[in-house]
Each structure stands twice: as C-alpha cells, then as structure tokens.
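The following pair of complexes shares a single chain, chain A, combined with chain B in the former and chain C in the latter.
On to the complex of A and B.
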C-alpha cells in the first residue's frame, strides 16, 4: 500500500486530537489512531523493502505503543477516581 | 518502586543520547516518558493528575510525530541513521515535535501548568533532566539549513513569550517555567550556527536551574509570599536566592552573563543583528521579574512574628553536590574562556 495514505490518516487523527470536544477518552482514542497509522506505515514500508532485518520493527513499535496506551488508561482511571468524570472542563485547576 | 522508575527515567534519556538511529531514540523517549508519569502522580491529587495528563498528551503527540517522520524518512531514503536524515519534510516535522517536547513557543502552553501541578522535586527533574534528550536530537539534525527560518522564529518568539508571560505570576513554579522557555529560546537560537556552544550553554543553564530549584526545595516555598519570610528560616538562604536569581537573569559578575554574551557574540559575528536585539530585549523583561523576586526575598525585611526569628536549622546536613553546583552557577564567569576552549569553540 502507498505510505502516503498513512500520513493522511495520521493527520486526520491528529486533527481529531487537536479539536477535542468534551471527553478525555476521545483524545486518547485519537492518540491510538495516530499510533496505528504509524504502525501501518512502518509495516507497508518494511514489506516493500529488501532489508530483512527491518521486518520486526513494526512489532517492536506496536509493543511500545501498547505500553503507552496502558499509561493513558492509568490516567483515565485516576481521573475517574479523583474528579469522578473524564470531562475536559474539569482539567482547569491549574489555569490561574 | 521509586528506584525502578528513576532508573527508567535515567535509562530512557541515556538510550536516546547514545543512539545513532531514530528508532532507538524514539524508544528512549518513550521509556523516559512512561517512567516519569507515575513519579509525577506521586502524592495523588487533582492538580498532580491534571499536570500528568497534560504532560502525557503533549509528550505522546510529539513521540508519535517523531516516529512517523522517521518512518517516512526510512521510506524515502532507506536508512534510519540520525545524522544522514535527508528528507526535508521529515526534518521539519521531527524538529517541530522536538520543540513541542522541550516546550518552546508557540508550543509552550503545557509547560507552566505542568510545572505548577507537580511538587518541587519533580519540577526539578522535568526542568533539567528531561531537556537533555530532545536537545541531543535537535543538535544532531540542526546542521540542515532548511531549519534556519523555523529556529530563528521560534527562538525569538520563545524569549519574548518567556519574558512577557512571567510578568504576572506569583507562583514560583510557573515563573521558572517561563524562565525555562526564555532560556531554551536562547539555546535554540544558536544551534544552527555552533552546536557545541549550544550544548555548553545548555549544561551551564541546567546547573543554574538545578541550583534554583534546590534552594526553593530547601526553603519549601512555592509562592512569592513564601519567599518573603525566608530570612527568618535558614541562614544564608535569602542571600543564595538573590545570587542565583541574578545569575539566572544574566547579570555580569555571575555565570549567567557568560551564556548570553557568548550566544550574542556568535549571532552578531554571523550578522543576525535584529535577532540579537530582540533576544536581548526579551531577556531584559525576564530580568525585571527576577529582580522583583530578589528584591522581595533579600533586600526587603518583611515584618513577621518575633517568635519565628529563632527557627534556624540546628543540625544542617549539607549536600556536597548541591553546594558545588551552586558555586559553579555563580562564580564561573572568570573560567569561561577555559570552558569555551574545552568545548572546541573558537571566539
């Protein structure tokens, strides 16, 4: 597949992250969308290249992205415990 | 548990600094970010959670952009080596992501709030240690001349925003955040001219910031009104405050002056005159709020309860490293030609 497609999908996911509306969960979903499009970019590039040693690279990248997703879940659970919701409008304590 | 997390922070940064491939550099940045988030949430409260969330989002976006741009560079040029990055789109995107990681204007909006929400020890780590890895990568890719307009604009904008943003603050951590934005603007302004000068300036600036945070931790003060009564707490602390703040502002007998002098010298000898004028005017504004802070701390004796006067520490355990770095951050100006020649910078 053409890797230009995945740059486009990354940009759309990042736009979705920048224009967050109410919930923190939508922000983290867009973050995962970005990670997924980077994974597809790496996988399509490595399948069309003749260097065999770059084949496990998308898998290693996916492992670390999953760890990052786990960390975002930690933040969601902590939000639920302390603020009892996950609305973005409750993250305004430090503004002043 | 804390030992594991601190070693993760150390491991991440050293992995990035010692890597020659973008993939390993991205891995180091990810390990670093994942290890520091639980440390930031440590006394769990609404404020620390909010700063951890904002820090996580900004750093995660920057890391994803870095791996995307380096994968695109791999698709175009077939290799992952940092110093041979050739695609212009990749270089621009990677440098913007690294500037988001450092917290430079116009991508600085997360930094004051993140530093405000964590306690002073974590603020120390975020201000000093976390700047090393992105700066290493930025220095390695900055030899590309396509980045010059971006870096000039971002450095001037950062110094101006760091100056004007800190004027209305009463919380010390936000003040230090704006000072960090301003100083990193100076550092990034000279990266494309002389990377070794940029690195030397970074190390000296990190020493000065470390000493500032150590003094604030010792006084346990987070607001200006806490600093006002510091004359009655520990001996010497209010005089340490004024010395370190004037060094941070860049006044001549102290080390901070050497940073601005050498960077201005390098910029002027490459005839970037209006950029130098704007950088100096911006740091003049920062100097105003450092002077205001040092005036309130040391030159004004605020009236307090007479019973507090005797609360000096009787058993005072002094740390060799902290005192040594404090001396370096104040009295190192006469040794500046030695430091410049040790970093192979010709004047």
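On to the complex of A and C.
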C-alpha cells in the first residue's frame, strides 16, 4: 500500500484539528483520525519490509491511542459538568 | 480501475467527512468508514490479525465509548445548513481528487510495492515478536491502561461526587 495516502490523510486530520470547530468532540474525533492513519501507515510499511520486530508496532501504538482517547473523553465529560455543553464558544475567560 | 486506487480514494473521503464540521454525528460516521476501509487495506497486504484487532478494539471499543459520551453532551436534532455543507463537501472532494491525481500520476510520488502472492500472515509472525523481544513493552502497555482507570476517576473527581448531573 502506498504510504503517501496515509500521510495525506494524517495532514487532513491535522487540519481538522487546527480548525475552530463548533464542538470539542469534533477535535477529539480528528485526533482519533490522526492515530488511525498512523496505525495504517505502520501496518502497511511493516508488512512491506521483512524486519520482524516492527510488526507488533501498530498494536502497541493502538494501546497507547486507547489511553489517549480515554483521556480526551474524560476532559469532555468534565467540561460537560462545568459548562453543561461542549461547545468551543463557552471556552472563554472573559467576565462581563 | 485497480482496487487499491478505489480503497485509497475511499480512505481519504472518509477523512474529509470527518473534518467537515457539521455535527460530531457525521464525524463519527466518517471515522467508521475510514477505519473499515483501513481494515481492508491492511488485510490486502497480508496482515489479517491486525485488521481484526483494529476492528475489535477501535470500532468495538473506542467508538462505542465515543457514542455514549456523544449522547451525553450533544443535542438531539443537529441543525444543518445545506449551503455550507455542500460548499465544504465539494471543496473536500475536489481536494481528494487533486491528491489522488498527484499519487497516481506517472512521475509523481512513488511508494512501496504491495506484497505479492506470498501466503505469510504477518500478524502471527508479529505475535512471536510481541512476546519474545518486546515483552517489556507489553507490560508497560498494561500498566498504562491500568493507570488510565485511575486517571479517569481523578480528573472528574468521581470518587467524591457520584452522579453525573445534579438535576
């Protein structure tokens, strides 16, 4: 598989992370998209080479990506507790 | 039309659906499409165990938890402005077509070749490498996952508070 596709999709998801989205959840979904594209890149490039110790690399990466997803959901839940929604427009420090 | 070309276009289209900011419901659909196509691509290079574990853990674990948390915070009827949605989708699809023209042009960017007709399942070869050479990494992965349980309890202070919302 061509690794260029996965690099392009990583860049697209990173662009989605940099855009001012409406919901905080959309940012975390773009983060998961980045992790997925890196996973597929690792899987396709470790199958093309014949080095055996790079083969479990995507599985280990998936483990830590699950930890990251759990953290992001915890942040979203605590934001829902304090602000009662997860809109990005309520993340402001202005008091007036 | 080669099948790898179709799969790559679908992968990028799923990513574009994820990025287009209508509502996180549609973002989750884009992520599901992308991961299904990615599973198929990983299967095509011969790594079927990894594709199975991606489906189980990513779609069956993480997406389910994401959808539960989406139901907690989102509104039931997302407002979709059709003109903005069409504009973003058309821009995204044009971008995907432009990228595909770059990838598949004759003197464009060349990548690795796909694996031929060798019938070796790399997933099971990798299981030996997982427990043989990198056993410490597996143990640290397990410690990290266990630590996540405690971190989740600590950030939301659920030990002191209890219920999710005080109505």
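Just so it is clear, the second predicted complex is superposed on the first by the 93 of 96 C-alpha atoms of A that agree within 3 Å, B and C clash if a C-alpha of one lies under 4 Å from a C-alpha of the other, contacts with A are read in each partner's own complex, and residues count from 1 in each chain.
One rule holds in what follows: a residue touches a chain if its C-beta (ideal position, glycine included) is under 8 Å from a C-beta of that chain, and two chains touch if they have at least 3 such contacts.
As the structure is a computational prediction, the values presented were derived from the model and not from experiment.
Participant: Looking at A:3, would you say it contacts chain B, chain C, both, or neither? Reply first, second, both or neither.
Facilitator: After superposition on chain A, A:3 lies in contact with both partners, chain B and chain C.
Participant: If we overlay the two complexes on their shared chain A, which of chain B and chain C does A:82 touch? Say first, second, both or neither.
Facilitator: A:82 sits against chain B, while chain C stays out of touch.
Participant: Quick check on the superposed pair: does A:45 touch chain B, chain C, both, or neither? Answer first, second, both or neither.
Facilitator: both
Participant: For A:53, decide between first (touching chain B), second (touching chain C), both and neither.
Facilitator: Touch status of A:53: second partner only.
Participant: With the two complexes superposed on chain A, say which partner A:91 touches: chain B (first), chain C (second), both, or neither.
Facilitator: After superposing on A, A:91 lies in contact with chain B but is clear of chain C.
Participant: Quick one: chain B or chain C, who's touching more of chain A?
Facilitator: The partner making contact with more of chain A's residues is C.
Participant: Once the structures are superposed on A, label A:15 by its partner contacts, choosing first (chain B), second (chain C), both or neither.
Facilitator: A:15 sits against chain C, while chain B stays out of touch.
Participant: Is A:25 contacted by the first partner chain B, the second partner chain C, both or neither?
Facilitator: A:25 sits against chain C, while chain B stays out of touch.
Participant: One more residue to check, A:36. First (chain B), second (chain C), both or neither?
Facilitator: Second partner only.
Participant: Where on chain A do chain B and chain C both make contact?
Facilitator: Chain A residues touching both partners: 3, 37, 45, 60, 64, 67, 71, 74-75, 78.
Participant: What part of chain B is in contact with chain A in the complex they form?
Facilitator: On the chain B side, the touching residues are 23, 26-27, 30, 33-34, 37-38, 41, 44-47, 49-54, 56-57, 60-61, 63-65, 67-68, 71-72, 74-75, 78, 113, 116-117.
Participant: Would you pull the chain A residues touching chain C in the complex into a rising list?
Facilitator: Against chain C, chain A makes touches at 1-6, 8-9, 12-13, 15-16, 19, 21-23, 25-26, 28-30, 32-33, 36-37, 39-40, 43-48, 52-53, 55-56, 58-60, 62-64, 66-67, 69-71, 73-78, 80-81, 85-86.
Participant: Spell out the part of chain C that touches chain A in their complex, as residue ranges.
Facilitator: So the residues of chain C touching chain A come out as 4, 8, 11-12, 15-16, 18-19, 21, 23-24, 27-28, 30-31, 34-35, 38, 41-42, 44-47, 50, 53-54, 57-58, 61-62, 65-66, 69-70, 72-74, 95, 99, 102-103, 109, 111-115, 122-123, 125-130, 133-134, 137-138, 141, 144-145, 147-148, 151-152, 155-156, 164-165.
Participant: If you look only at chain A, which of its residues touch chain B in the complex?
Facilitator: So the residues of chain A in touch with chain B come to 3, 7, 10, 14, 17, 24, 27, 31, 34-35, 37-38, 41-42, 45, 49, 51, 54, 57, 60-61, 64, 67-68, 71-72, 74-75, 78-79, 82-83, 91, 93-95.
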